[in-house]
Every structure is written in C-alpha cells, then in structure tokens.
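In what follows, chain A forms one complex with chain B and a second complex with chain C.
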Partner chain A sequence: MSDIIVAGALFVVAYFTGGHIEKKHYKSINDREAKLPHIPVIEFDRNNFPYEVENMKMISANVVIGADYFKTVLAGLVNLFGGNISVLESVLDRGRREVVIRLKEQALNADFIANLRHETSEISGDNGREALKVENYAYATAIYLKK
Partner chain B sequence: MILTNIDYIPNKAIVEHYGIVNGSCVRSKHVGRDFMAGIKNVFGGELKGYTELLEETRAQAIERMTRQAEKAGANAILNIRFSTSSVASGAAEIYVYGTAVRFE
Partner chain C sequence: MQYKHTRFDDSVNVTSSNPFADFISYILTVLLLIAGVYYFSAYLVEFSIPYIDQKMEKRIWSVMFDNYYSAKNKARSEQNIKAEKYLQELLDKIPKDKSEGSDYKVILVDDKNVNAMALPSGKIIVYSGLLEKIKSENGLVFVLGHELGHFAHRDHLRGMGRGVIAGLLLSPLADFSGVGIIIGSFDMYFSREQELQADEYGLQAMNSVYGHAGGAVEFFEYVQENDRETFITKYSSSHPVSKERIENIKSLISAKNMKELATITKKL
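And now, the complex of A and B:
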C-alpha cells in the first residue's frame, strides 16, 4: 500500500518538476537558436564545391536527457493502447536540438558545416524497464574557406 | 593528424591508404554518480554525469584510433563513423572507425 502512495506522490511531483524543467529547456533552446549565426549545413560533394578550403575540423557534441517519472509511467500506459507517445517525443526533440546548438557553438566562424550526422542511443541495460535515459550525439566537419 | 567524416581532403592528394583503423572503449561512472543520475531521472532534465561519461568515452576511443593510425604512418583519418551500444546499465561502449591515409 505504501508503495502505491510513494509512486503516486512521485508521479505528481515529477509532473510538476519535469514540466517546469522541460519548459525552461525549450525556452533556452529557442533563445540560443535565435542567437546562432547562420551557417549552412551541407552534404559535402567534391564535384560540386567551387571554393578553396583553408582548414577543416571535426566537431561533435552530445547530451544525455532523462525522462521523468511522470513521462515514464504515462508512456507505459499509452503503450497499452498504442499511438503517439508524445511525452517521449519531446525528450528526443529537446536532445536533438540541444546537440545541434552545442555543435554549432564550437564552429561559430566556420563557413560550412558538412556531413552532419545524428546518433541516438539509450543508456540503460535493463531492457527498457528503467526510466528512459537517452543520449543524442551529433558530429560533423566544420569547413573554413580561404578568405 | 586530420580527422574528418568527409571522404577526402580538399586540395590535397592522398598518397597512401592504410585501410581501416578503429578504437573502442567501454567506461562507466562510479556508483555514486549512477545513484544521483537515477534520482535526477525521476524529476527530469539533463543527466550531466552521463553526458560527461560519454564525452570521455568517445575521446578515449578516438585517441586509441588515432594512435593506431599514427603507428601505421598515417597523417589523416577520413570517413570517421561512430557507433554506440549499451552493454550494461550505466555503462557505454563507443566504437569509432575510419580510413587511415597519408596525404602530401
């Protein structure tokens, strides 16, 4: 019985803390995305690149975001009926946008960002019975042109 | 050593190929960090301990790959790819591979 009360209390608390953290994170993502300079992200094509390259550098960024207890329980419930698990979609969306920001922040003076790749992996060896902890990783090559 | 995930180096001629080089690394954090991440996981937000863990793991895997390429006599690694898998709770395996070459 006491287990159910604890789980219920955590569910309610996590609803508020998780919601607050997510809102704050989205605000910070939107603010930082607006501040970034525009750098074209391209797929490098050697036959179609009419510029002289001065320098190139590999850049990468990662972030691990955890879903809160509320999202975990709700995802489990939605899973019974099927359909969009939108509470987890936002966790992945935040992670992906966050890594791209972190990546671009490392190459603010670059002329191009080439071959951007995303990777997602889960850090939990417990067959997904634990709360979702997901790592988003992005890597690319920053290209600096001869001025 | 030039590292890139593009398949060639602009304006430079490659004089020798050394084939594939790779590096892998499995790391974990101590139990205290795992515990704190578990608590953070209830309330939501970024799990900085694990972000750090994977960053360190990747750096070490890249270092191992670079060392292998240096030993072969290469001065660049092209077409680098990463792959991640989880081997145990709170641990991560990173595998990185690429083609070692020497350019003029």
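And now, the complex of A and C:
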C-alpha cells in the first residue's frame, strides 16, 4: 500500500516539476538561439570548397537530459502497446538544440560550422526502474576563412 | 555568395499532446487488460484443477518444496523433531476423505510467526510460533483440520495456479511496479470465502476426533488479543478478521448442535 502511495506521489510531483523545468529550458534555448550570431552549418568537402581556409578546429559538446518519472512511466505504458512515444520527443529535442547551442558558443567567430554530427545514447541503468536519461553528444569542425 | 539567415519553425519536432490525458487512457487500458488476464487465468485454473490428481500435484511441486524446507530445517533441535512427530500424529488422527488420499505431511519450521499454511503436494507448514502459542491439543487439531480443508477444496492449487498463470501472462508488465499489488487485491474476497470454508472443515475435523468442538476458537482468540486489526489490515489482509471468524465458528457450532467440552492440554 505504501509503495503505491510513494509511487503515486512521485508521479504527480514529477508531472509538475518536470513540466516546469522543461518550460524553463525551452525558454532558455529560444533566447540563446536568438542571440547567437548566424553561423551557417554546412557539409564540407575539402576538394570542392570555393573559399580559402585559414584555420580549422574540431569542436564538440555534450549534454545529458533526464526525463522525469512521469515521462518515463508514461513512455513505458505506451511501449506496451506500440505507437509514437511523443512524451519523449521533447527530451530529445531539448538535448539536440542545447548541444548545438553549446557547440556554436565555442566558435563564435567562425565563418562556418562544417560536418555536424549527433550521437545520442541512453545512459539509464538497465534495471528499468530508473527515470530515463539521455546523453546528446555533437561534434563538428569550425572553419575560419582567409580574409 | 551572400549568406542570408532564415529561422525555421522547428516546433514540429515535438508533438503537442496532453500527456496527462494520454496517461489516463493508457492506464485504464492496462487495468482492463490485467482484469481480463486475471479472470481468464482463474477460469483456466478452475478448468484444469479436476485433471490434476494428488499424484500429479506431488510430481509438480514436491521437488521444489522438499528442497526449500529441507535446506531451511538442516540444523534442527531434538525438541523440534519431537514436536513435528507429535503434530504428525495429531494430523493422522483426523479422518480423511479416501478420494483425496491421505499422504499429508507436517513440516515444523522455526519461525516466530503464529501461522500455518497448506502447500501443494500435501505439505502442511506449521511455524513454531503457532505451536508455542496454542496451549490445547484441540486448538492444534483445529488448525491442522483447517489446512486439510484447504487441501479438500484445493484452494492451495487455486491460489498458486492463478498466481503462476497471471504472473506468466503479465511478465512483460513486471517492470511496472504495482501490478502485483493490483493482482493481490483481486484475490482478497475469494480468499476470505475459502478461509471461512476451511474453518468449517477444521471444525468438523476436531469434532470427529474429540466428539466436541471445545477449543476451536483458541487460535483466533489469540490473534484477536495480540493483533490490533485496523480498517486497513481488514481489507488488505487475505484472511478475514478473527472476530468475523470466531462468530462464524460459534454460529456453526450452534447450527450443528456440537458440544463444547473441556480441552486437552498439548503433550509437549
């Protein structure tokens, strides 16, 4: 009985705290995206590149986003039947956008960011009872042109 | 080439939905599914019980329980073995239905709990706590008779079989904590009925051994005095509360015109 009460309380609390944190994070993402200088992200082929490159630098960033207990349980329920687990989409979306912001912040004066790659991995424990945690890692090449 | 920045609306990446409404609809579906599985497995068990005779039951379960309890009882005292022998003698005194077979065995387990239970393959587990607290032989015979009642009604197979089948069918849900508790609460009412029926069987058993029904309520009186039963324990426990059972036994005694004479002290 007490198990159910604890789980239920956690669940309701997580619904509100998780929702609040996500809202705050989205606000911060939108603000920072708007403030960043407009650095184009391109695919780069060294042989057919029309500009002269002065300098290149590898940049990488990572971020870990935890889905709250509510999202994890709901995802588990949806998983039983199949279908879109839309409740986790925001977790991945936040991770990808945050990691690109962190990447660009390392190369504010670059002319291009080339060959951006994303890696996503689940780093939850495998006992299935923990809330889901997702790591987003991204790497790219910052390109500085000869002026 | 002049680069011109355009901001795209990437909100399409996140489906707008109401997660709480989703949750409610999913949890209702799961609950319906569990209820369905539960009643289906109850039906399967009821269907299969007539086909499982004692021999088969023994074959299925004895390996498991024999190993478990022989490991638990490895270092037992002289006194413990004597007490188990005494209980076995009492059990053998109780007249049994021929069709059910008479191969029942008492196993005394060192445990402070005041309880006894019927396990498949004709094993009656008695905790030493129970042996200590019940003073009269009649009271012990009632408890043993009660467990025999479970065997006669094949309750032990029902309870276990349903648990096993429901567990198998619901194993994909096992991660979702709370499923066990939900299943347990379905079982409750059924169990209460079974307990009352087994009480009646136990009463008959002690009446046929001693010719009277004195001492039948000793166990429940002990439980009533030592267990404070709250509203929650009444509905969360699978056993009906002692008061209800004492009343049930008393009304059975008067309905069947049984006598209540003095009890015999246990010989230990």
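In the analysis below, the second predicted complex is superposed on the first by the 143 of 147 C-alpha atoms of A that agree within 3 Å, B and C clash if a C-alpha of one lies under 4 Å from a C-alpha of the other, contacts with A are read in each partner's own complex, and residues count from 1 in each chain.
Quick note on the criterion: contacts are C-beta pairs under 8 Å (C-beta built on N, C-alpha and C of every residue); 3 or more make two chains touch, one makes a residue touch a chain.
Note that this is a predicted model, so its numbers are computed, not measured.
Partners chain B and chain C, once the complexes are superposed on chain A, both fit on it without clashing. Of the two partner chains placed by the overlay, only chain B lies in contact with A:V64; chain C stays clear of it. Rounded in steps of 10, the angle chain B-chain A-chain C defined by Cα centres in the superposition reads 100°.
In the superposition on chain A, A:G76 contacts chain C only, with no contact to chain B. Applying the stated contact rule after C-alpha superposition, one finds that A:Y144 touches neither chain B nor chain C. Judged by the touch definition given at the top, the superposed model places A:A131 against chain B, while chain C stays out of reach.
With both structures placed on the common chain, the touch criterion links A:S86 to chain C but leaves chain B unconnected. Applying the stated contact rule after C-alpha superposition, one finds that A:A114 touches chain B and leaves chain C untouched. After overlaying the two complexes on the shared chain, residue contacts for A:A14 are found with chain B alone; chain C is out of touch. Minimum Cα-Cα distance between chain B and chain C in the superposed model: 15 Å. Judged by the document's definition of touching, chain A residues 70-71 lie at the interface with chain B and also at the interface with chain C. The residues of chain B lying in touch with chain A in their complex are 2-11, 37, 40-48, 50-51, 54-55, 58, 80-92.
By the touch criterion stated above, chain C contacts chain A in their complex at residues 3, 5, 10, 13-15, 17, 19-20, 22-23, 26-27, 29-30, 172-173, 175-178, 181, 232, 236. Those residues of chain A that touch chain B in the complex are listed here as 10, 13-14, 17-18, 21-22, 25, 44, 46, 49, 52-53, 56, 58, 60, 62-71, 98, 114-115, 117, 119, 121-126, 130-131, 133, 135, 137, 139-141. Contact residues on chain A toward chain C in their complex (touch as defined above): 1, 3-4, 7, 15, 38, 40, 70-71, 73-74, 76-78, 80-81, 84, 86-87, 89-90, 93, 97, 128-129.
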